[in-house]
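Presented sequentially are two complexes of chain A, the first with chain B as partner and the second with chain C.
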Partner chain A sequence: MADRIVTAEELAQQLRAVSVAEFFEKNRHLLGYENPTKALITIVKEFVDNALDACEEARILPDVKVLVKEISPDRFRVRTEDNGPGIVEEKLALAFGKLLYGSKFHRLKMSRGTQGLGASGSVLYSQLTTGKPVRLVSSTGKDIHEIEVTIDVNKNEPRIVSHKQERNPNKWHGLKIEVETEGRYIEGRQSVLEYLRQTAMCNPYAKIVFEGPNGRVEFERAVKELPPLPKEIKPHPYGVEIGLLRRMLSTTSSKNLLGFLTSEFSRVGRGTALQICKLAKLEPNKKPYDVSHEETERLHKSMQMVKLIGPPTDCLSPLGEKLLEEGLRKETRAEFVVAVTRPPSVYRGNPFQIECALAFGGELTAEGSAQLFRFANKMPLLYHTSDCVTTESVVETDWRRYAFSQSSGQLPQGQLAILIHFASVWVPYTSEGKQAIANYPEIMKEMKLALQEAGRQLAIYVRQKHKMHERQLRKELFEKYIPELAESLEKLTDDKKEKLIAELEKIVKKSGVKSEEDGKTTGNDKESEKTGK
Partner chain B sequence: MEKRQETIKNLKKLGSKVVGEIDKGENPSLDVPIRTLSNVKYDTTRRMIMMGTGVAKRYFFNVGHVRKFVQTIEAAALAKELNEMGKHLSLREAFYRMKRTLPDSNINLVDEQGESNEAIEDLELITDASRELLHINANKLGSVAGKVVIQDKGDVIDWSKLGSGGWSIPSNVEDIIFKKVDAKFIVYLEKAAEWERLHEDRVWDKLNCIVISSQGQATRGIRRLLQRLSIEYKLPVYILTDFDAYGWYIYSVIKYGSISLAHISGKLAIPNARFLGLTADDIIKYDLKKHLIKFEEVDLKRLEQVKNYDWFKNNKEWQRQINMMKNEIKGKAELAALTSHGISFISDVYIPEKIKRNVWLD
Partner chain C sequence: MADRIVTAEELAQQLRAVSVAEFFEKNRHLLGYENPTKALITIVKEFVDNALDACEEARILPDVKVLVKEISPDRFRVRTEDNGPGIVEEKLALAFGKLLYGSKFHRLKMSRGTQGLGASGSVLYSQLTTGKPVRLVSSTGKDIHEIEVTIDVNKNEPRIVSHKQERNPNKWHGLKIEVETEGRYIEGRQSVLEYLRQTAMCNPYAKIVFEGPNGRVEFERAVKELPPLPKEIKPHPYGVEIGLLRRMLSTTSSKNLLGFLTSEFSRVGRGTALQICKLAKLEPNKKPYDVSHEETERLHKSMQMVKLIGPPTDCLSPLGEKLLEEGLRKETRAEFVVAVTRPPSVYRGNPFQIECALAFGGELTAEGSAQLFRFANKMPLLYHTSDCVTTESVVETDWRRYAFSQSSGQLPQGQLAILIHFASVWVPYTSEGKQAIANYPEIMKEMKLALQEAGRQLAIYVRQKHKMHERQLRKELFEKYIPELAESLEKLTDDKKEKLIAELEKIVKKSGVKSEEDGKTTGNDKESEKTGK
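So, the complex of A and B:
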């Protein structure tokens, strides 16, 4: 069959807007649904992340319940429930039935979700695999609304299947989400349970109850205070990409460039704005939407050239050393925990802050490598461990200086757990799946500094413990040999055994260790004699 | 009796020193002369290995020392007991006598005989009393036959009238009295099998000599016996060993003394001892190359050590022998290989010829 020539007109007929929902359907792997196991984790994660974000913004100590019920080996009912502020009725269907609909995309503020793609993506995935609608129950304290929603994949619009309204005499507020989805449930290093455990670790002010196929697990609240609420900030000129700048120019309500620069960016005052305009050879009162493509490039370049102080960092909400310590101690049952919160820093105009905590001993396993817990904006990262800057920073830190063994290019060995938290208004994930943080030199440097500081504090404890342990062993050893020496000496000199034992034990108690050290300086500890022929 | 009282006094003194330190609340210690190559010196005028002055402090309150410390004191207590009773123990028996389990543990005071042996050797050095004075004996190893009559514990023994077994050499030969010595020289053999060959051939009768053997390294009893005969009766001592580094080191120990017993070289070493064979030249001359045994790595390592000992380093003839073994012959050989030239070749030809022609190494 000869090739048929396609005309431009025919091609044009095939051109049409691709709905985001349709795009998602074909690219589910980008969003964490590439296999049934991961899909189940992602669904739980999206719902729990939203619940925690909502509670924190409303300054409510989160109570989150998660249910995963097996309907058949590859089909599950997932239900989450929170005590957050709830969602008003008008927005309820939109929030879960329309992709890229969210409150967080257009702002620069530290939060878990950003794109409005997470929860609705989960709804879409379950709809695609089982055909069942999502059931939503919400109240803001007034009436309780229960709706069932499906997503119209072509139009990217919610379709309400049913709607019930009930009185709410107990003034319950919060949100319940229930979906039925394909998936696979496992337990282990990358599982729903592990995700919740780590979430509890990094959100010690939350209580999380999990009812899974293998029973109920409760993660208790360790502290009763929320970390301070992060503030929203405007972008810093150093962190703005040219594309974003162009978009901002076309959507701003400012009348002229001067106004645009001073009101849409942080750290830009009148003087700086005039300087930028001068460098870009642009009139300060030029209308923003009149700035041409070429002029935008000049403007962007000038914005990088002016001297500016860093962006404000009060937009960050680190956990703080106390919360981190509590969280890690609670979930690892370690005997010693130390946490370090670094001062805020900036990468590419984005403020960020690194925190780390080290746990040692206790119920941690002594075999093999240290455990590493990675978090970005309080969310656990379970996948792509080796591609993540957190892992690289741990590997590049010399743990032998802190009394742990380590082969080069590897995690340290021993009874050690390492937690690293990256908090920022913008987390530079290596991919859409949001599982690994990209390696920017500023981030790497801060992580290593945090690890070193915590390492130094831990080393003091570990060395002390080694010493105590050695001392104890030494004492036990001498105590075993004392009666033997006394007995031999009694035979040799007729001095009474009991008297000698008492005297020797006195020496052990008083200065056994000191004498030991004397011995080391005058004689060789390991005697060099060997058997001759 | 006097000797025993002296030893008991010595041992008690050691105990009292330790008790004194304990009474004062100090860390009890022992001064143990160091018995390693680093603390021996080859005395070129006396031609024997002498002990240096290096002393290691051994503390009770030191994790690395405590075990040996108690072992040494226990050895002293045992030696005192033996002297008081007038009895002797073998090294093996002493091991069992010292072995006991520490209460509430699975630790034994001594786990193997090597440990008790060392403790006893250390005690000899600390108290300056030989093992004989401590009443602890090595195992009997080795036989002797020849034209000699001795007296031992009141019994008169003629070394030429002891059937096929010969006289077995005790570990302590100090009190043996030589009644009659007709022999003109001594032949020492590393291997008991070769001794039996020579005894069956009645070499001691034919050549008018004494034939002595050990099984491997010569014991103190044998070495002291050889030394006494060679000094008291001016008898030359001819040494025969296998052709390998270990055999040659047996010769070295008999002649110059050993590193671990360097403190009593004066009572054991025989600087005039002569090495009769097997030499590298013998391998060529007696065409033993076809009976060579391959070197193992340890053989070469040992050979290198022997080569570098002070007492071999400047001996041109021995350096030549060692280099020949290493580079030319490249293998080892046993005395028994001489049998390939005839059952009694060693007795009838090899030994008499070499002695007659004075072909030996110093």
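So, the complex of A and C:
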């Protein structure tokens, strides 16, 4: 059998562009759809994340309803509804029917979504597995629009299947999304319910109602105030790569280098800009477009050499120690919780901030490893635990210093829960499934510092508790001997035995060995405050 | 500080399309560029994979040269050159300057490249980190074209920076690619050199010359024949999802369902097509475009219900047991090698085929775990070993049955090397970095069957060797006593002692306890053949 030889001309005829929708349809595991269980979680996650982002940007306390209904084995209806600002009719189909279409890719600002792939990816997957369009109902407060949309996969464009428009006398605003999809529903550590539970923990200003195959679960709003809205920032010179700098030079509207440097970057004032130009041996009034390739290289080097303060950090929206503490206490019913919010830091020019909280005792189980809750930009991470810098930072922290046992390379043991929150304008996920954070040295360092700080505070409590326990034992022993001692003393001093007992008991109290009823130590939980420290 | 409230209209204005080049520039870790070391390996890999694919399609024995030259710390020039068919001038810039542009996405046929992301991704990364264009020199045998190309990232389109055309009196054909990139060069288990070494092992018909920072290494051609060219196939009904079926129905040129089913799928003849239509309660002469959504669902279900033979497997190009054995023996210098090529099988409608080879003894180290070589479509996999179904299949095989020690959940121990090759029209990589194969049950099963088959063959040799060793010991003991025994027999039989010794030695030989010189057992390596079995 002779093989037919293929010529360069024939090979050339086979060359074609692949639409990004075709690409992700075939590579759906990249978006988190590698199996039916994860697919269902991913769909809920994408819709809920978008709802929370939209509400926060419009400064509305989020009210999110989630329905997951089994309509046949392995097939589900998923519907989410929010009270956000809604999406204007002209963009509604695009936002859900075109991949890589969104508002968050080209800006530096902390948000859950990033690249306009999440919700449209969910529509793509549900369409692939059931052939059904997505149903969208939205209003910005004017008329209500209801459309059904499919994705034209070959073109990566939305196709509107139906469109209804209705009056909106109650001025409802928000968005409802409904898809039918292949999926599998489970409960447990990696599940829709666990995702929502942890989302509620890290977004205590949101109310989330879940109507699942096994009944209804409500996550009530714990606080009535939204965190401040993060601001958008310009890129920091330290984080800009040469290829991007070249592109910025060719597209800027600035007339000269001085203007380019001061207006397109954060933390570059006139003085610094002049210094950069001088280091690069370039005229400050040179036109950006005229900067040659060699000059760009010099400019890039100079930008790394000048001394600059870190990027502004109001682009970040950390939860804060109070919310973290409340979230974790509510969830774990622990007896002691401590939280630490680190000052912002920078990796590759991207501002980021680490928060952590530790919970101890109470209803936490004493068996096995500590529980770990991982969050990135207020979103729970449920998969790929071992590949994530959060886990690595916990493992590399020496918990024996903080009175917990730990085998090398393992999580600590005991009645302990650990929450870590990574907040940044850009989360370096290890894959598009958004389940693990990459191990940058700066991130690792900040996480370990946060854990150590919280660990030290927790250790004081834990040690105090151990000590109190010992004292209590000693006290009980001593009290047992008070009557005997009093009897001996009575003979020596002629004092009344009863008086002596009272005196001895007073001494025991003063010595700090407290009685059972007021014997609680320095807890920060309300119960211990009430009973006195 | 009052937050400015963002309206739905303002949010809508921020919505924009993201080009696929922008997306992968920001998410370069998805393509294998998460650090400078891996970036350098990935670039070499993408160019070499493309070169091998092109040569094989044009039925040319591949001759590939690779240059990696350090030009400043962390900056490298990477150049590859092949003797393939070349790329026609009109497509040259597109093939390297546009992401998701290629010949292999829309067909079902085994090849290394798949989606037109590899080489253009390398150009994107080198441009981002050094700002330099890619230099391409190509000829299809006519004039030689030399162009320099950058990627317009905002548009995902190539931009030709320079173009030279030259006469080609020697009718050279092939392609040279040269980029300048950030990178780090190391040697060891995950390195450019190791990638090329393993590529040579699995592609013994290719000659590869590597000019690296530490000198020149040549991998000679071991065989002078190309494996047969795999054929392109149609999708198999069992592997088609409902969304894709819907799309096929709306774009087919077939006039009716009968024609659609027989011409667009493999293994569907007229009889089967009629059976599918009957099951789905659809008229065979119904126009494909008129099939409603409900009818599509019925059609899809019926397609899964009819009995079909597996897809054709001439779309696969396995290496075969002979090449596998030779490749692994050459690489490991083991004393015994066995290879198994399984018959083709199917996962999700995709034909695939598993091959494995085991090497034992010789220069393999006896310390620690067995060495594992993983391949997908003849490409070595160097990263993410533990996440890969290849590793999982080895770990789940009970090697104690084959005379190797093994702790549970671990690789076997001893003088053993294991090679696994996964060949398919579509490799289910766990991520776009193409370093690990997803764990589909069908794939796992086939891998374990291959390992068991090879394991049984190897065990015969290993046990024989152990037994021979024992017999040798016994024989030596017996021989020691022959003179003494002969003396006793001499007294009893009056035979001459010398004759008796000769008789006894004859018996020892007949009994299968061979002398040291010809004592080797059934090895298949040349040395043992020389010394006689």
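Here is the rule we use: the second predicted complex is superposed on the first by the 429 of 533 C-alpha atoms of A that agree within 3 Å, B and C clash if a C-alpha of one lies under 4 Å from a C-alpha of the other, contacts with A are read in each partner's own complex, and residues count from 1 in each chain.
By our rule, a contact is a pair of C-beta atoms (placed from the backbone, for glycine too) under 8 Å apart; a residue touches a chain by one contact, two chains touch by 3 or more.
Here the structure is a predicted model, which is why all the values come from computation and not from measurement.
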Task = Return first, second, both or neither, reflecting whether A:Glu503 touches chain B, chain C, both chains, or no partner chain.
result = first
Task = Could you say whether A:Leu489 touches chain B, chain C, both of them, or neither, answering first, second, both or neither?
result = first
Inquiry  = Touch test for A:Arg474: chain B only (first), chain C only (second), both, or neither?
reply    = first
Request  = Classify the contacts of A:Pro228 with the two partner chains as first (chain B alone), second (chain C alone), both, or neither.
outcome  = second
Task = Classify the contacts of A:Ile186 with the two partner chains as first (chain B alone), second (chain C alone), both, or neither.
result = neither
Ask   = More residues of chain A are touched by which chain, chain B or chain C?
value = C
Inquiry  = After overlaying the two complexes on chain A, where does the chain B footprint on chain A coincide with the chain C footprint?
reply    = none
Contacting residues of chain B [partner chain A, same complex] = 11-12, 14-16, 18-19, 22-23, 25-29, 32, 34-36, 38, 56-70, 73-74, 76-77, 80-81, 100, 102-105, 107, 109, 114, 117-118, 121-122, 217, 249, 253, 258-261
Query = chain B touches which residues of chain A in the complex?
reply = 474, 477-478, 480-481, 483-485, 488-489, 491-493, 495, 500, 503-504, 506-508, 510-512, 515-516, 518-520, 522-533
Chain C residues touching chain A - in the complex, by the definition given at the top = 1, 3-9, 11-12, 14-20, 22-23, 25-27, 29-30, 34, 54, 57-59, 85-88, 90-91, 94-95, 98, 100-103, 105-107, 115-117, 127-132, 140-141, 153-154, 173, 228-229, 241-247, 251, 293, 296-297, 426, 428, 430-432, 438
